[in-house]
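Here the chain labels run A, B, C and D in written order, and each chain numbers its own residues starting at 1.
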Amino acid sequence: MITAAEQEREHYLNESYGIKSWLLTKDHKRIALLYLATVTLFFFIGGAFATMIRIELLTPQGGLVSSETYNKLFTMHGITMIFFFLIPSIPATLGNFFLPMMIGARDLAFPRVNLLSWYLLVIGGLFALFAMLAGGVDTGWTFYTPYSTTYSNTWVIATAIGIFIAGFSSILTGLNFIVTVHRMRAPGMTWFRLPLFVWSNYATALIQVLGTPVLAVTIVLVFCERFFHIGIFDPALGGDPVLFQHLFWFYSHPAVYIMVLPAMGVISELVSVFSRKTVFGYKFVAFSSMAIAVLGFLVWGHHLFVSTQSVYAGLVFSFLSYFVAIPSAIKVFNWTATLYKGSISYATPMLYTFGFIGLFTIGGLTGLFVASLGIDVHVTDTYFVIAHFHYIMVGGTIMAYLGGLHYWWPKMTGRMYPELWARLSALVIFLGFNLTFFPQFILGYLGMPRRYHTYSSEFQVLHVLSTAGASVLAVGYLMPMIYFIWSLRYGKLAPANPWGASGLEWKTPSPPPLHNFDETPIVTQEAYDYRGVIGEEVEVG
Amino acid sequence: MSGQNQHVDSATTYFLVFLALISLTVITTAVAYVDLGDFSVVVALAIATCKMLLVALFFMHVRHSTRLMRLVMVGGLLWLGILIFLTLGDFATRGLVGVPGR
Amino acid sequence: MASDSAAETLALREQFDTEAQQKDASTLGMWIFLITEVMFFGGLFLAYTVYRRWYPAEFAIASSSLNAVIGAANTVILLCSSFTMVMAVRAAQLGKRDALIWFLILTLILGAAFLGVKAYEWNEKFQEHHVPGPTFHLENAVRQGPAQIYFSLYFAMTGLHALHMVVGVCLLTFLIIEARRNRFSAAYMTPVDIIGLYWHFVDIIWIFLFPLLYLIDRHLGK
Amino acid sequence: MGRLSFVPEQASTFAPGVDHLLYFLLAVSVFFTVLIFGAIFYFAVRFRRRSERELPHPPHSGLTLEILWTVIPFGLTMVMFTWGAKIFFSESRPPDDAMQIYVVGKQWMWKLEHMEGKREINELHIPVGRPVKLTMTSEDVIHSFFVPAFRTKEDVVPGKYSVTWFQPTKTGKYHLFCAEYCGTNHSRMIGWVYVMEAADYANWLRGGQSGGSLAESGAKLFQDLACSNCHHSDNSGRCPSLVGVFGSTVKLSGGGMVTADEGYLRESILQPNAKIVAGYQPVMPTFQGLVTEEGVLQLVEYIKSLGTKPAAPASGGPR
């Protein structure tokens, strides 16, 4: 039981007040909450664009908005969701908050850099928002040249600057995580005692650090080509637009793993805690994160199969793409095996976990379709690809993000969320998601190209289904938004360890004190060792 | 001591490295005026790499750094290699099947 | 180890347990940052490689229009600045405040000199119509398009390099001010050390830019 | 609105092959999806938490399992790779006897030209049963030529030629889409492919306007642009003869060889001095801006019509 006295103790939320204490904070926990507010805002902006896209696609003729507007909608949906929501989502909020706590550190290695990277995200976001309000941008989030450099008459430069700046936010977060994991671990916290969430965030950080600069320089070149009229990719001068695609995808394919690796880390935590078993094949799961980070850099050319890339390059990239499927498969199998003979709870985070594993399985398996040259030629740039990556990024990353948010909410805020509503939201999101995106696989194979404002009427039935699903999905996403805010005031007070979890973050009060731990913890156990956590043990199995 | 000032190289060492760097600059400039065919770029890059190693090993103290730091450096160069090698793999094999754009 | 100077106590930030840990973390952080810089310039080097393979003749002609002597002189200036920088770091390691300040000032002057020469070269390009754009024209170049690509790369690469130099000069100014305030000691000189790393890195980028941009097939132009 | 189908019509020789690969992948996917979903569902019910304080025994080792579920999926993916690569390779190489059609994409329309000189916009008429090779380029941004019923797609890139081919197997009317986002009216850069019986196609070719065959238009352009002033067929001009140049290996001044394919001819028209034939001076002016992409295609076709191997002392050359 929690006494009133315990609740009045000092913790990171009440140790100081006022706007300055937040905007100038160096505490990773407060910065995580700043990020949470920021990415939530961008999620709903991006969601608003998605809503308009789905409503527009109800009818084949496209009566609601003009083609110009439609093109801006999908571009801004993509840019907002990818650069300002998905990439920072899990690492910068949950990672920022819990990575230091999980390794027993008082903070990240560079707290001021951490705050700076939040400001960079905000400044980048403001540039992007400015571009949207000033008239929008219509190049697609991929900025393919020469359309983006020469032909588009929209706010490409402001958007490019925004993404460039947000990229540095991502780089600095990654840098901070790498140094923190190397240098800030508590005594006894060896590499193989690290929670898998830390492993996957570490792998993510490697991608952020190695990939993002290439995107940055590519954006600089697009900017220069548009602004100074120099020509690196300009076919009129003898430049090659396909070179842009190489540079762009060198980052943007691994960026998919920036989005999904942290999600995998969250799932590894949840699947263990809610079945009270150590993750099956801990080392395999840990190393598969690293394998994904490395192999993810060798496959970008599978976005270029029909781009006039050489046939041989296509063969090599297709071949390598299958290698990256293996570590993902290993993870799915290990999570499933973790459930075996476990003690499985149906708490909300676990429902999200089930949802994640299912949707990620479908998303991953359809990845095999698009990695296959013969099929990709037919389905690339169609709704099949749209469905595939939404299964990974929305079905995967957002499910895990929400699961993690529910799981750690008591630690972050000191309050429990309403369990019944939360379970309902998990169910609604799962159903809404499938109804939205499953029809798009069929649409794509039937030949419906992506980024089409108007379309042939035979595709309408599937589009209507998809839009219906999207409205369910929207309701599903609004529910947590409402009850999380509600719980801040009315939620039950949370104990230090409501789930019987074993991580270090649960061995300190909820919410944690300013420096996380009253004294530096000394680690003597493997991760996910539930002996001694559960009150009186009843062994089963 | 807190262990951070263990390796103070002598000023002479630094000066010798500096002289080597200057000489290499002179050599690379001079050799550029000699017709070596395709080798001229190889020579230029080899000299540049030597200079890089001198600066890194001595001026940036890589000589005294930990295994982790070296891993970071080698890893970074390896990734640059991936970017360049795989992209050039496309450009070098274009048109090999004898069909434009393939 | 008992801390016996005020600087030392001030220097240890609260998230760290020991100074060694803090110094180690800062150095590692800087190296990782430098790796991101490698990848950043890497994109340009890739574009350069692709186009040089495609258009060797234009690249040779365009490169020969640059002044190799000025380029080499500027390389020497930058190498001198690297030398003074490493001597500054050494002075800091030994706790010699005055030497540190003087070597930093020398480095700053040499860095500024490099930028001055660069500005002179760019200005020359404007007068010779070697700046990409509608008025671009390179004498002797058979195809103007690829020649323009060369100069686009030239300006992108040297421009971004110069931008890094400007940042470096700002950082040096910061170091000089801090050194004059007695912020550094033999026990705490991490900022000098990691800014030194940055400065040498920018030097290394130039070490590659110089032969790649200035010295393509010079023998043809003799 | 027709009946709801899950695959588009199969109207080319590629279509069945691609669909078979799809069915294989679907079978594998369904198997694993059922396996995973089934296992999760079964474990979740069978091992549900019965007491708040229970603590399961973790299993000790799973090395055999780890190896199994690494190796088996890997084997399956290699099958997928090889199968897909085989299809891709055949899609990449048009047969020599393929019927040639030229495509120019621009915002936002498809311009197509038959060898016989017939031109179409956003429509392509082709005979059933004959392989068709499209040589494509763009006047502005990147487009992509996509016919779902044929299961083929290839980007159309400014500044270079790209090629796609297919052999229709069924008469009918099929969607043609632009699949690479190209600006405001991207979704209206669409058209139809009409696959016709050979006889109907011949009729169609004869009907309507025709400005002579593509090669004839090229010949006319060759005269109009005064190319023939220098390019004499008997090698007596200031410039090399173009008879038989297509497909041959050309020696360049300054060493080096190049195969005279469509891309080389295009480059030599637009940027004549890029590659100079050995023994000649760079005297040809550039035709960039003076001749459209379609004009270049006509010239290329005309040069191709001059034979593919060096002819005996020229007779029918341009004059």
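Everything that follows uses one rule, which is that a contact is a pair of C-beta atoms (placed from the backbone, for glycine too) under 8 Å apart; a residue touches a chain by one contact, two chains touch by 3 or more.
Computed from a predicted structure; not experimentally measured.
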Exercise. Which pair, C-D or B-C, has more C-beta contacts?
Worked result: B-C
Problem set entry | Mean-CA-position distance for chain D and chain C (Å) | 45
Problem set entry | chain B and chain C, separation of their C-alpha mean positions in angstrom | 15
For this session: Measure off the straight-line distance from the CA centroid of chain A to the CA centroid of chain D, and report it in whole Å.
Result: 36
For this session: Express in whole angstrom the distance between the two chain centres, defined as the mean CA positions of chain B and chain D.
Result: 41
Problem set entry | Two or more partner chains touched - positions in chain C | 24, 28, 32, 35, 38-39, 42-43, 46, 50, 54, 143, 145
Exercise. Which parts of chain A, given as residue numbers and ranges, touch two or more other chains?
Worked result: 182, 210, 214, 236, 238-240, 242-243, 246-247, 250, 308, 311
For this session: Please list all residues of chain B that touch 2 or more other chains.
Result: 68, 75-76, 79, 83, 87, 91-92, 95, 97, 101-102
Problem set entry | Topology of the chain contact graph, where touching chains are joined (line, ring, star, complete, other) | complete
Exercise. What residues of chain C sit close enough to touch chain D in their complex?
Worked result: 57, 142-143, 145
Exercise. Touching chain B in the complex: which residues of chain A?
Worked result: 182, 210, 214, 242-243, 246-247, 250, 297-298, 300-301, 304, 308-313, 316-317
Exercise. In the complex formed with chain C, which residues of chain B make contact?
Worked result: 1-5, 8-9, 11, 14-15, 18, 21-22, 25-26, 28-29, 32-35, 40-41, 44-45, 47-48, 51-52, 55-56, 58-60, 65-66, 68-69, 72-73, 75-77, 79-80, 83-84, 87-88, 91-92
Exercise. Hey, which residues of chain D end up touching chain B in the complex?
Worked result: 92-94, 135-136, 154-155, 157, 160-163, 259, 261-263
Problem set entry | chain D-facing residues of chain A, complex | 62, 67-68, 71, 138, 140, 142, 144, 146-147, 150-152, 235-236, 238-242, 275-278, 280-281, 284, 305-308, 311, 314-315, 318-319, 322, 325-326, 329-330, 332-334, 336-337, 339-346, 354, 357-358, 361-362, 365-366, 368-369, 371-378, 380-382, 442, 445-447, 449-458, 460-461, 530-531, 534-541
